[in-house]
Structures are given as structure tokens and as C-alpha cells.
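In what follows, a single structure is set out as C-alpha cells and then discussed.
We call the chains A, B, C and D, going by the order they appear; numbering starts again at 1 in every chain.
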């Protein structure tokens, strides 16, 4: 049986047609698209166009909800209450679901964005609010997030499907957490190294943590986009390399 | 049979709880609430809270879609194409309809905001885009706008219900159009005068145009809010005066 | 010798000409204008127009810097580092100083806005960052803030002039701090009560804290604007009442 | 005497540290940096950090003013009046000049961004407003824009220095204007072709217009950044190729 892995990337993060070209380039390589819902980026036209483009390429569609913070690209911790988080996340999931409905496309999962992702990973109340929003809108959606996190635990408690993701271009600590972005060596810019690590993760082999310890990372999906300018190149190379290694790139969610 | 008139005002134009007090004051006097959908103001919490507060007071709920322009409060003409208008308006109507669904409240009408309202009043393609968005999302919604406008004509063509509104605090020209805001005397700040004119409109009496001509304005709804700082005082006085005159304040839409 | 008090209000919080009418109404009654610098509201035209209008009426001009958060009106705590605070505050002070220079008007003071005000009142590092920004741009500017706060202490340490303000429409606790906005009775909506309290403060008389204790509040300036919808009415009444009581309304800063 | 050409790119278009890595990569190859001033992107920290990074690499600094439109990235035509344009552009130039002053760096030129650039190229009043803003703030700044445009003519009339730029990754019509972005073949994605054309422009050789006509484009500066995702790769390759061809990359302005 061939190995299978999902590749996910953030899409629809422009306004109007401003990132159309970049998005089309990424859509050719990923199997899952995290589509911005207008709160950190994206608007009613990008949502529709990105859903349409993803459907055309049989890429699975996920909502990528954020704190409402376009000027800060959703990267600022706004300290919202759990009620506010649930309302904002619910609003965004419903908005994207409606757009999917208009394009006869299917919404399959939810992955929080930026500061909200980081907070929900480690703050139980925030994670519970995200999970509650999913359950209220459409309980069959999968939540995509880091393994062994408050998100994974709250999804489990509430009976919401959970899928784990790993980061191709980030260094890990021995405990499986990411090396914080401001530390030296946190981001892997070298395409070859990133691709190599990704393939090892997929094959169940160990990779080196930042202190040299060998570490095994399991994930149903690899995230290969973000604020790393080398991400598109990494994605292209990784996709080619996985195909060579006979790993099937396929969505984690139906 | 008693005379009946609807009073509408713009609501939910804060963020979080920033305008809660103002909104509650207005909700006690209007029969229809134009609720901001997050594109010129408002967010997922204000939408929910305003819908809830309106329902509690039996105030009819309308969507108040705008160009996406929070820094400009929706007052800048963005020159969107008809397709962009239809997508943005559709997005906002669906968003508010979903919020209504969560609160078991009913969405009854749509009134465009600011620059989009002004454009759709006189630009046939923009009006057709607004009407198309309504028809696609929920063809039973009423469109609220100025009499004898491209909006009224396009609604008629498409079989969408249309209701007309007049402005209590604005001067009119002899042809029934508003005196442009930058002209002297365009805005009526005097509470008594505004209330007097409103009552005359409701009773079918003539009012004076800016050149002294007598003019008759028919409208199913009176708009009594906007960027006039005296609007809340006008609304309060108007509501009292209408009751004295045995005019029933009631929503134009079910 | 007559008693003297300053009245300050937030101005220039529209975009383009959107709040021109409200602002002109307030400018007739205040002696000091906190002018928004474009980060929570305001833009290059409002800054220029408000400076011009304030100068015309001999109203003293202050910068009203904020976290960069137009959608949240500067009311969200963004958790910026001290360096980020200093850069953002410095940027805004310089921007308004430049506008003043173009209108041959004088910039006299700085009052932080919203969440930044609240944080700098109690967080020593944030207060020090605000003070450092003032010292770097123009060390002769006065900082306006609450008595006995981290702002007052850091200004003192750095040799920056400090002026205290009290709130006319807010209830106080026995320790002189404000009753938090979400508690019952925090905001005084009744115009008469607010005016009465203000006059007592000015005369050095005691007012009642929320638990009935008698409390004396000293302040060089009274803040009579904010998100209280009754603020304009309070300001008008207070101004009249102070004049009756032969209290001179005059700026705290030259 | 060796041939000389300036390479300019848009920088500082993130918020906080969000694009630091991309910006540092670009700064290694350009000779002039168009730095965002907070109106379409950028904030007080990015302005300071980008000025500092540019100075460190001896890259010439220009202001990149825009319509105030962060959600639209300055790409929407807001239809501002000439007075509004002059005030907004003046505000941004002063803001960046002040930041330069704090870093003891020199501000050398101004290049409008996005929709404002396009409008000022062909609308005489808008061009005159941009030029007036430059003259009012600092008449020694150079305006960078397209050859034979309203910007070039208005700069000439007002005695403001003007420098022309050409686009490396865009197709030209036989009259020297750009092929509109929505037409087929408007953007050149192939790195080799783009580099080849740029070198031919620099050497004064003809390039092919979209209809096959041979065309000569003169420019003091080549713009190698924008919304083309391949721009960084093009810039890197172009820089290497120019060095091979013994063309000196040097700023157009002192």
C-alpha cells in the first residue's frame, strides 16, 4: 500500500485579484486549501474565486478563520473572550460554507489562522470556543491543528474529528514543539533541507530536533505555506520529490 | 383607519460593545433596524447582539451591506464592477441571515449603505447587481431605497419587493431628489423643523422644496439616522409626535 | 482669583468630513482638543481640518495616539512591546506636529487613546515607552493622564510635564479609581448629575464614591467626551453651568 | 564609461516583522527602496526597520505614498479630490522623512503606489497634487514615475526633479504604454525573458512590443517588484546578469 500525505497551504489571502497568480501556482501542488474568510485577508470575491479554483483542481476546501485584524494580518493576539472567539469563528465558517454552497463545492475542515491558531493550541478555553463554533455550524467538519494540543483535546472531548499537521519549514524542539520564530534557526529556508525533512516525516523516520535529539513527527498533513518567502519553491520541490518516492498526495479529509 | 409609518435607522455600526448604549436608545424608537454586516462597521459580535436586541423589541431586521471599507465607513465610492458588488452584497446578506437563524429571528429586507446606496440609486448596473444578490440569496427579501430610482426599477424588473424611504433631516429639491450634502441647508439640524416635515410627509401633505416649491413625498419608511448628530434627538421627538398624531409606527416589511 | 478648569474632548475621529458637524459642536465648548492621529480614527484631511478649526477657536491642541487598530477603534489591547509602543506613539506625535506646523498652530500635549491609555495607566513599561516617545520628539509637550498612575510616575522620572484629568461621566471607587465600565452604574448618563459632580470636583468639594464614601478628586482637566452618547449634551450643560459659577474654562497647557 | 542603471522595489509592505525576511532578500539587490508609509501597508515599526536596513546597505530611500486603503492594498481607485491627494501624500512623505531623520538617513525621492500611481500618470490634477505635496514638504525630492506622463509634465512645470522608470516584467504596447494587466501576456513570468528584456533596455537596444513592433524604452530606473510572485527571482537573476554585463547598479537619486 502506498504512503499517503496531505499538503495544505493558506490561500485566498489577497483582496480582489491581487494574489490570483500566486494562488493558482500553489493550488497545483496542494491537496488541501485553507481559505481566508475576510477577517485577516480575503474578501467576498477572493472567497468565491478561490473556492472555484480549488474545486476545479479537486483540492479539498477548509475555512481559515482569524481574529478580525486585516491591518495586522491576523498575527496579533487580540485577547478576545471565548464568546467572542466562538462568534467570530462561527461567522467565518458559515460565510465560507455559503460560498461553497453557491459553487456546489464542499467545505471539509477548519484551520484557525495566525494568533488565533497559536492561542487555541495552548489555551483550553480558546480551543473549546473554536470547537464549539464548528459544532454549532456543522459538526461534521474536521479541525486541523497541531498534535497533542488544547485543540486536539477539545475536539476529542466534543466528538469533533481532528487531523494533525506538521511544518515542513520549521525546526522542532525535542518535545515536539516548534522552535519559536524569533530564535536562530527557527525557519528552514533551504529548500533541499526542508524537502528532505518532510519526506522523512512522511516515511515515519526520525528528524533532528534543534538540540540534535532524534524525534519522530506524525502528521496527516504537512503545512507548506506561510510567511516563508521560500514556501512556493519548497512546495514545488516537495511535491516532485514525494511523487518520485511514490508517496501519494491526497487530502486528509473527504 | 389609522395612518401607519415605518421608522428605520442604521444600527450595529460599532465593534464589540462600543456602540451598545447608542444602539439600545435607537432601538426603543424605530420599527426597522438596518444592521451593519461588518464591511463598513460591525463585527460578528455586534451582528449577533444587535439581532438579539432588535428581536427582543419586535423591531424588523434588515441587512445593511456596504462596500468593504471600514476605514472609510463605506462612504467612499470604490468603483467596483457589478460582479464584485453582487458578490460582496450577497456575502453580507448571507452573513446576517445566518446570524438571524442562530437567534431564531427573521431577516426581512436589505438596504445598501453609504456610497453603495448612492451609486445603486442612479447606476443601473450597480442596482441590478444588488437586486441579483438579493434574488440569489433569498428572493423574498424586500429592497429598501429611494423612490423613482434605478434600485426601484431593477427590483421591479426582477420581481423583488421594493419599499421607498424618505429622509427626515434632509432638504429636497423640486424634483424630489435630495439637496446634495455639501450645499447650504442640505441637512436639517433643527429638531422641530425635522419633526414637522416628517409628520407632513406621513399625512400626505406637501413640504417645501429648497426653492420654495411645494412638493409631496410618499414613502413607506422614514430614515432617521445617519451622520446627523441630532438624529437621536429627532427620532425621540418624532416618535412622540407621531404617537400624539395617532400615527402608528409599524414596520414596512413583515 | 477665579477658579479655572480645562475641558478636554476627543476630536478628529472621523474620516474625511464624516464627523465635521459633531466636531465643530464640541470645539465650541472645550479648551483642549485631543486630536486623533490616524491610528484608531482620523486621516490626513481630518487632522488638518481639526487643527485648523481648533486654532480658529483658540482651543489648545493635543495628540491622541493609539494602537494601530481602526477596525477596533483603538479599544483592543494589542499587547505591543515597549519598543513598538514608543515607535507608534512617536510616529503619531510627529505626524500631528507636522500638521500643526503647516497650519502655524502649536502642539501642546499628548493623551494616549483607548486601550493604550488604560495600559499605560497601570503598566510601567508601557508608560515609560509613551514618555520616551514624547521626550524624543519634543520634550516640552505635556502628558495628560490619570492622577497617581504609572504615566504620572514615569513622566515625573523623565522630567516631562504631567497634567491630571478626571472623568465627568464616570463613577469612582473609594480609592480614586474608576468603576470598571462593565459594572452597574459605571457610566453616568444623567446630564444633571454629571454636571453637578463636575462642578463639585472643580470647587474642591467631595463627591460620592460608588460605596457612598466621600472622595475628593483633583484634576487640571475634565474629560467630557468618549463613547457616552450623552457626552455632547453634558459638555454643553457643563460649560454653561461653569460660566454661571464664575469658573473660567481655560487650557491646562499653553 | 560603464553603463549605469537603478533597480527599485517596493519594501516595508508588511506589518511589524511580517515581511522582514522578504525585505532583507530584496534589499541585497536593489539600489532604491520604495518604502510603504502605512497607508496601503507598513506601520511605524516597519518604516523604522526598513529605513535602518536600507541605510545599512547604502540603498537609496524613497517614500511610497498611497491612497489610505490597507484592506485594498492601495489598489482601489478611491476618487479623492486633488486637495485630499495632496494632504494624504504630504502626510506620508513627512512621516517617512521624520523616520529617516531619527535614523540619520536621507529621504531622496517619492514614488506613488498602486491606484494613485496609475491615476497620477494620466490625470493632470492628481499629478499636480502629488507634485504640490512634494514641493510643500521638501522641494529637493525627486519624483519617480513613468516617462511622458502627467506626473512627468507636472513635475517639469513645478521645477521638481523627475526620474523615469520602466517595468522589467511587463509587456509594452507600440506607443510605449504598458499592456493592461488583464490582457493576455501582460505580465512576463519567465525569468530569462524578463532579464533579457531588462538588459536590452539598459543597453539602449530595442525590445518587442506586443504587436511585434520594435520599441526603445529609456529609463533611469527599472522596477523589479510588485505583485508578480516571480519578482524576487527575476531581481536576483537580473542583478547577476547586469554585473556580468558590466552594468553598474546605482541609485538614480543621491
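The rule is short, and it goes like this: a residue touches a chain if its C-beta (ideal position, glycine included) is under 8 Å from a C-beta of that chain, and two chains touch if they have at least 3 such contacts.
What you see is a predicted model; the values in this text were computed from it and never measured.
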For this session: Would you mind naming the chains that touch chain B and likewise touch chain D?
Result: A, C
Seminar exercise, completed: Note: of the two pairs A-C and A-B, more contacts are counted for A-B
Exercise. For the sequence-identical pair chain A and chain D, what is the superposition rotation angle on Cα atoms, to the nearest 5 degrees?
Worked result: 180
For this session: Starting from the Cα centroid of chain A, hunt down the chain whose centroid lies farthest away.
Result: C
For this session: Averaging only over C-alpha atoms, locate the centres of chain A and chain D and give their separation in whole Å.
Result: 34
Problem set entry | Rounded Å distance between chain A and chain B, as computed from the means of their C-alpha atoms | 40
Exercise. Hey, how far is the Cα centre of chain A from the one of chain C, in Å?
Worked result: 43
For this session: Provide the list of chain B residues touching at least two other chains, using ranges where the numbers run on.
Result: 15-16, 43, 68, 70-72, 76
For this session: With chains as vertices and touches as edges, which is it: line, ring, star, complete or other?
Result: complete
Exercise. In the complex formed with chain C, which residues of chain B make contact?
Worked result: 14-16, 18-19, 21-22, 25, 43, 70-73, 75-76, 187, 189, 227-229, 232
For this session: Show which residues of chain A lie in contact with chain C when the two form their complex.
Result: 68-72, 76-79
Seminar exercise, completed: chain A contacts chain B in the complex at 15-16, 38, 43-45, 47-48, 68, 83-84, 87-88, 90-92, 94-95, 98-99, 102, 136
